[in-house]
Amino acid sequence: MKYFVRIGDTELEVELVERLGELLVAVEGESLAIEYEPVDALGQVGILTDGMSFGASVEGDGERVAVTIAGHTYHVEIEDERERAAHAAERRATGSGGTITSVMPGVVVALLVRPGQEVAEGEPLLILEAMKMQNEIAAPGAGVVTTLHIEQGRSVGTGDKLVTLRDLEA
Amino acid sequence: MKYFVRIGDTELEVELVERLGELLVAVEGESLAIEYEPVDALGQVGILTDGMSFGASVEGDGERVAVTIAGHTYHVEIEDERERAAHAAERRATGSGGTITSVMPGVVVALLVRPGQEVAEGEPLLILEAMKMQNEIAAPGAGVVTTLHIEQGRSVGTGDKLVTLRDLEA
Amino acid sequence: MFRRILVANRGEIALRVIRTAREMGVETVAVYSEFDRLALHTRLADRAVALGGSLPSESYLVGEKIIEAALASDAEAVHPGYGFLAENAAFARAVTDAGLSWIGPPPDAIAVMGDKIESRRAMQAAGVPVVPGLVDPIDDAEAVVVAAEEIGFPIALKAAAGGGGEGIRIVREPSEIAVAFRTASGEASSAFGDGRLYMERYVERARHVELQVLFDHHGGAVHFGERECSIQRRHQKLIEECPAVVVDEGLRERMGAVALQAGHAVDYQGAGTVEFLFCEGEYFFLEMNTRLQVEHPVTEMVTGVDLVREQLRVACGEEIGYGQADVVMRGHAFEVRVNAEDPASGFLPSTGTVKNLRLPGGPWVRVDSALYRGMEVGLNYDPLLAKVVVWGEDRAVAIERMRRALAELNVGGVRTSVPAALVVLDQSAFRAGEFDTSFLEGLDLSQPHGGRVELAVAIAAVHRHTAARRQALGADRGDRSGWVARNRMDRNWPR
Amino acid sequence: MFRRILVANRGEIALRVIRTAREMGVETVAVYSEFDRLALHTRLADRAVALGGSLPSESYLVGEKIIEAALASDAEAVHPGYGFLAENAAFARAVTDAGLSWIGPPPDAIAVMGDKIESRRAMQAAGVPVVPGLVDPIDDAEAVVVAAEEIGFPIALKAAAGGGGEGIRIVREPSEIAVAFRTASGEASSAFGDGRLYMERYVERARHVELQVLFDHHGGAVHFGERECSIQRRHQKLIEECPAVVVDEGLRERMGAVALQAGHAVDYQGAGTVEFLFCEGEYFFLEMNTRLQVEHPVTEMVTGVDLVREQLRVACGEEIGYGQADVVMRGHAFEVRVNAEDPASGFLPSTGTVKNLRLPGGPWVRVDSALYRGMEVGLNYDPLLAKVVVWGEDRAVAIERMRRALAELNVGGVRTSVPAALVVLDQSAFRAGEFDTSFLEGLDLSQPHGGRVELAVAIAAVHRHTAARRQALGADRGDRSGWVARNRMDRNWPR
C-alpha cells in the first residue's frame, strides 16, 4: 500500500508491504528498517531503527496523524492511494473555489460584509475572537460576497466555512 | 443489592439501591451521600461526599478491589449476596480444610517432606524463594502430609496450593 | 495560620496553591465550573464547591458566587491565583467586606497598579523610571497621530484598563494608527468595558526583566531577585528564566531597591512583581502585577523560597522574619509554558481531548501541571496546560536539562507550544543570552523541526496502516500489534 | 568527555544515567532483556541493544553480552548503575581489558570493599572504626556458638561475599544459631556461590548513617555530607534523608574525614558511599558501596551537585575542580522508595500490570521512575519501581511535602510500599527524629491506615456494582458512568 504523507510544505511517499508477518517500509523509495511496537494502546510506541531507539507517541486514526519524537511533534496528513484518487476527482469537480475557512476555533464577534457586497483585496470581512484576541479576517483577493456561512456571535471550529467570494468579472 | 466487603480484619456491609438514576449507598446501615464519577476508564475517579472532594483511584473488576485515597490503598474483598451464599455452601462441603497456600509468588527451592510423612507443628515443609529471600514454610499444626501440589523448582503464584495436611487422629 | 482557605481559580495555579496549603496543614476549598467537575484542582482539594455554568463569566468571574462558596464552606481566606479576579480591586474589597481574609495586596494598591495611567503617575512621583509617553488616556485616533510626533515611533497602544498584553498594538508609522486604534479600542471595550487607550514609546530591542517582591503588614519588605521573560509573542510569555543574563549583582541590588520603592509608594502588602523594560542597562517601569505570577517557580527554584507559603504567611499577619541578606540565589532556572496552541500556525489555539500523556521527570525537573488523561481542552479558558521548570547549577546546564525534559514530554490529542520552546533552546543566540522581546517572532516555526521527518512519516504511515488493518479484521480495540520491518538488500525490494 | 556510553542496567537507575548523559551531550546505549523491550530505559536511550533472555542471569548479569554490546555500538564507556554487575570486580576488569572506560572505582577497590573480611582488615589498618567481631569468615555453625561467647549477643551473620542486606541473619540467643546459620549460608551459596559467613556484634538501636564521597584520578577528594537510612526492614531501605538529624556540622566534618580516609586506603576513584552504624555519637564502619546508591538523590537535592555528572567527569579523567568548602548543604531532602511489595503482609513481593498511574508533581518534588502504563511487574527483577524525592527548607517542611506528594501518587495494578512510608511519616517519634533501624519493623502495618475505611468500602462497592451493571448491559468497555448518590433523610431509606 502506498501512502502520501504531507508534512509542513512537503509531501513524502511511503510504501508499506506486508511480507510473511513483517512490514517492509520505504520512504521516497529508500527502504527503512523499523521495529514498531505499541506500548499501551493509548499512543506510546517503542521504535527501533538502525540501532537507534525512540519512545515516540502517535495519535489520530484518520487522515491527520501526530507523531511526537523527542518533544518535537510532526503533524501529518495521510492519504492512501484510493483516497488520493478520490480527492483528486473531487477537486476536479469543484474547481479552485472561493470559500474562506476558519484556521482556528473562535467566535465571530463582528460581520463586516453582507451578501452581494464587493470587497477589495485585504478588506476586513469579519472579526474572529479566539483566546481573548480579536483577529481581522481579510479578503484574500478582490471579489463579491456570495454566501455568509456564519452569523455574528456564533462559534466556529477549525475548518468551518466562513465566507464564500466569487471572483470579480473583469 | 447488598455487598459484603472485607478489609483488614473487619467486614462491612454495603447496600446499594438504584432509584431514579441515582444510587443510594449505605455502609453498615448508615447512608452515605456520594458522587462517583469516573475520569478516564483506567481507574481514576472523582468523589464528592458531604462537601469533601477526593481524587481516588479504583482497580479490580472481580472480588478483589483496591481503592487508593490520598496515597493510602485500601485492599478489599467483595462478595455480593449470591456469591456469599455460594461460598458458604462451598465451605460447608469441604470442611475446614488442611491445604496450605502460598501467600506470595515465588519459586520452591526445596521440598523438605514427602507424602505420608508425619510432621510436627512448626516443622519446615518447604523453602520458598521470593525476591532473593528464602522463606521456610512451616506446618501450622501437627499432621500427615497427604498431597504435595508442587515440585521443587516450580514457580507458584499467590494463592496457589502448596501442601495438604490431614489432622493426626489422636 | 488559616485553618481553611478557598482557592478562587482553576488549572495549574489552583493546584499550586492547594499543594502548599496542604503542606502547611491548611485545608483547601476548590471551586469549579461544570466543565471542571473532574479537573485535578477539584479532585485534589480537600473540599469542592460547584459554581455552575461552564463559561468563566458564569463561574470563576462571578465574585458573589465565590464569596458565597467561601462562607458556606467555612473558609477563612480567599487565594485568587492569577487571572480571573486576581487583580479586581472590587472583588478584593468584597472579600474583606464579607469578613474573609484576602491573600493578596490591599484593594487600593490593586486599583492604582491596575490602571496604566494612575500607576504611571504614582511611579513618577515615587522616583521610579517610566517609559516616555502620554500620561492621560486617549479616546480617539486623531489624538494619537498628534502625540506620536512628539513621542516618536514606534509607539505602543494599550488598554487603559488592561493587563497581561491583551489589547496591545504596536504602531510603526502614521498610516497604521487608524486600524490599530480601532481593533485595540474594540478589544478593550469588550474585555474591560473601557475603550480608552494609553500611549507610550515602544522600546525596541527591549528585554523584559521583572522583580519579585514581598511586603508584610509590619513594614517589612524583601525582593527575590529578577526574572527575565523576553521570550514572548504578542506579550504572551513562552520561556522565563531566573536570574537574567543582563543583570549582575550590583544591578540586581539597584533594581531591587527600585522595585521595593514602587511597592512602598502604593502601601503594598503581599507578593507582587514589578515589571521593567530593560534596554542596554536602562530600565523603565512597565507595570506591577499585584498577584502571584505564572513564572514564579523559577524564582522559587533559585532562592529556595516557597512564594505561596510566604503569601499565606503575610496574609495572616506574620512578619517576613528574614532580611534581604538571607535571600540567597543559587544556580539558574527556566520555565517553559505548555500552552494549547500551534506554533506552526502562528500560535493559534488548539483544542481536543488529552488521550495520551507522558510528563518529564528526574533530577531538578519540576512539573506544575493541570493535565490528566481524558482532559478536554476547550476555548473557554486560558490555554496554559502545564509548566515545565528546571534548575541547573548554571545557565548552560539548565538549558540542556530543559531540552532533555521537553524531549520526554508527550501531550497527545492537542497541539502545544513545546516545539517552539525547543526551537528557541536550540538557537545559538539564545544560548549566548543575546535576545530581546522580538526574538520569538523572528523564528520560522512553520516547518517541522527536530530533524526526524522521514522517521515520523514512516511511523505515521505504519500507525495508519495498522489501524486500518485492525479495523478490517474487527480486532479488539485494545489490541497491541507491533511490526518488525527489516531492511534487507538481498530481498531486492523496493527501490 | 565521552561521546557515547553504555548503561548496563535497567529501571529507574538506567533512566537516571541516561538523563544526565543526555544533558551533557553524551549519547547513551541501553541494553534490554526480552522482558524490557518497551521499558522506559530502552525507549529513552539514544540506542538500544537486545541482550536476549528474560532472567537477569540471561541478560543484565552476563558481562560478555554487555561488553559485546558496548563494542558493537561503538560506546566508549560503561556505567553499571547499582546492583547487577556494579560491584563485580571481574566485570570491571573485563570492561577495561576490552578497551572501554569503566564509570566506577578501580577493580581492586571493588574487590577489597566487596569482601566483608578484607574490607574490615583494610579499614582497621587505616584507622577507621569498625564493629567488634570476627575477622575471619566462618563455615560451620559450631564456630559461631564458640565465638558468640566472646563477642556477645545479639550477633549478625552475613554472607562474606554479599551486600545490600541479602543473607543477613540476626541471632539473639544460642538456640537460634543452627537455623540461622543454615538459611543464611544456603542463601549465600545460591546467590554468590560462597556459603561462608561473617560474624559481628549486632549494634542495637543503631542508626544507619552513610557518607557520600567522590575521588578523582589526581588525588582530589570531597565528601557531600551524610544520608540517614535508618527506616529499613531486613536491611532494605524505605525512607532516606539528607542531612541526618543526629549529625551536626562538627560531626559531619569528622565523619567526612574518616570516610575519605576509608577511600584513600583502597586508592578509590569515582563516587562511593561509606556506610556507618551510628549509635549515640559513636560510629562504626559497616561497608563501602563502590557504586552510585539508590538514595543518592537526597544528597543531590541538598548540595545541588549532580552525582552522575561527577561520575562521568572523573571517569574520563577530569579533576573534581572544587574543594570541600565549595560543597554547601541547603535545606533537607527525603526519598521514599516505591517498591512492588505489600506492607500489610510483611512486605511480600507484589506482581501485576500497572493499569493506572498518577505521579506527583509541583514544587520541589522529584520523581525518578521507571513506571509506565502497561508495565508488567514481575518477580525477576528488583522490586524498586520509582523513587519520590522532595526538598524543603527544613526537615518539617520536607516531611509535609513528602506526605503531600505521596497523597498524589497512584500506582494501580500492583501493591506498593507507599502506604508504609505514609505511616512512618505520621509517627511523632519519626517527626521528632527519634528512631533507629528497628523503627519500621516495630510498626503495625497489617491494618488499613488513612482513616477512610467507610468511604473506601463504599467506593469499592459502587465500582463493582457499576462494572457488573455494565457487563449485564453489554456496554462499551470504555464507557464512563457516574453516579450521584444522595443522602436524603426524607426518603426514609435505608436504616
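Per-chain numbering from 1; labels A, B, C and D assigned in written order.
Definition applied: a residue touches a chain if its C-beta (ideal position, glycine included) is under 8 Å from a C-beta of that chain, and two chains touch if they have at least 3 such contacts.
Since the structure is predicted, the reported quantities are computational estimates derived from the model, not experimental observations.
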| item | value |
| --- | --- |
| Shortest chain-hopping distance from chain A out to chain C | 1 |
| Far-end chain from chain D, centres as C-alpha averages | A |
| Whole-Å separation of chain centres (CA-atom averages), chain A against chain D | 49 |
| Distance from the mean Cα position of chain B to that of chain A, given in whole angstrom | 53 |
| Chain centre separation in whole Å, for chain D relative to chain C (CA means) | 38 |
| For chain C, residues contacting two or more additional chains | 44, 358, 372-373, 403, 407-408, 477-478 |
| Residue numbers of chain A (touch at least two other chains) | 37, 39, 41-42, 44, 54-55 |
| Chain pairs that touch, as defined at the top of this document | A-C, A-D, B-C, B-D, C-D |
| Interfacial residue positions of chain C with respect to chain B in the complex | 30, 37-38, 40, 42-49, 73, 372-374 |
| Chain B - residues contacting chain D, complex | 1, 3, 5, 7-10, 12, 14-17, 19, 22-39, 41-45, 47, 49-50, 54-61, 65-76, 78, 80, 103-106, 109, 127, 129-134, 136, 155, 157 |
| Residue numbers on chain B that touch chain C, as the complex places them | 37, 39-42, 44, 46, 48, 51-55 |
| Chain A-facing residues of chain C, complex | 166, 179, 183, 186-187, 190-191, 234, 341, 344-345, 348-349, 351, 355-356, 358, 373, 379, 383, 403, 406-410, 412-413, 415-416, 418-419, 422, 446-450, 452-468, 477-487, 491, 493-495 |
| Chain D-touching residues of chain C, taken from the complex the two chains share | 15-16, 19-20, 22-25, 44, 297, 300, 304-306, 330-331, 358-359, 361-369, 372, 393, 397, 400-401, 403-404, 407-408, 477-478 |
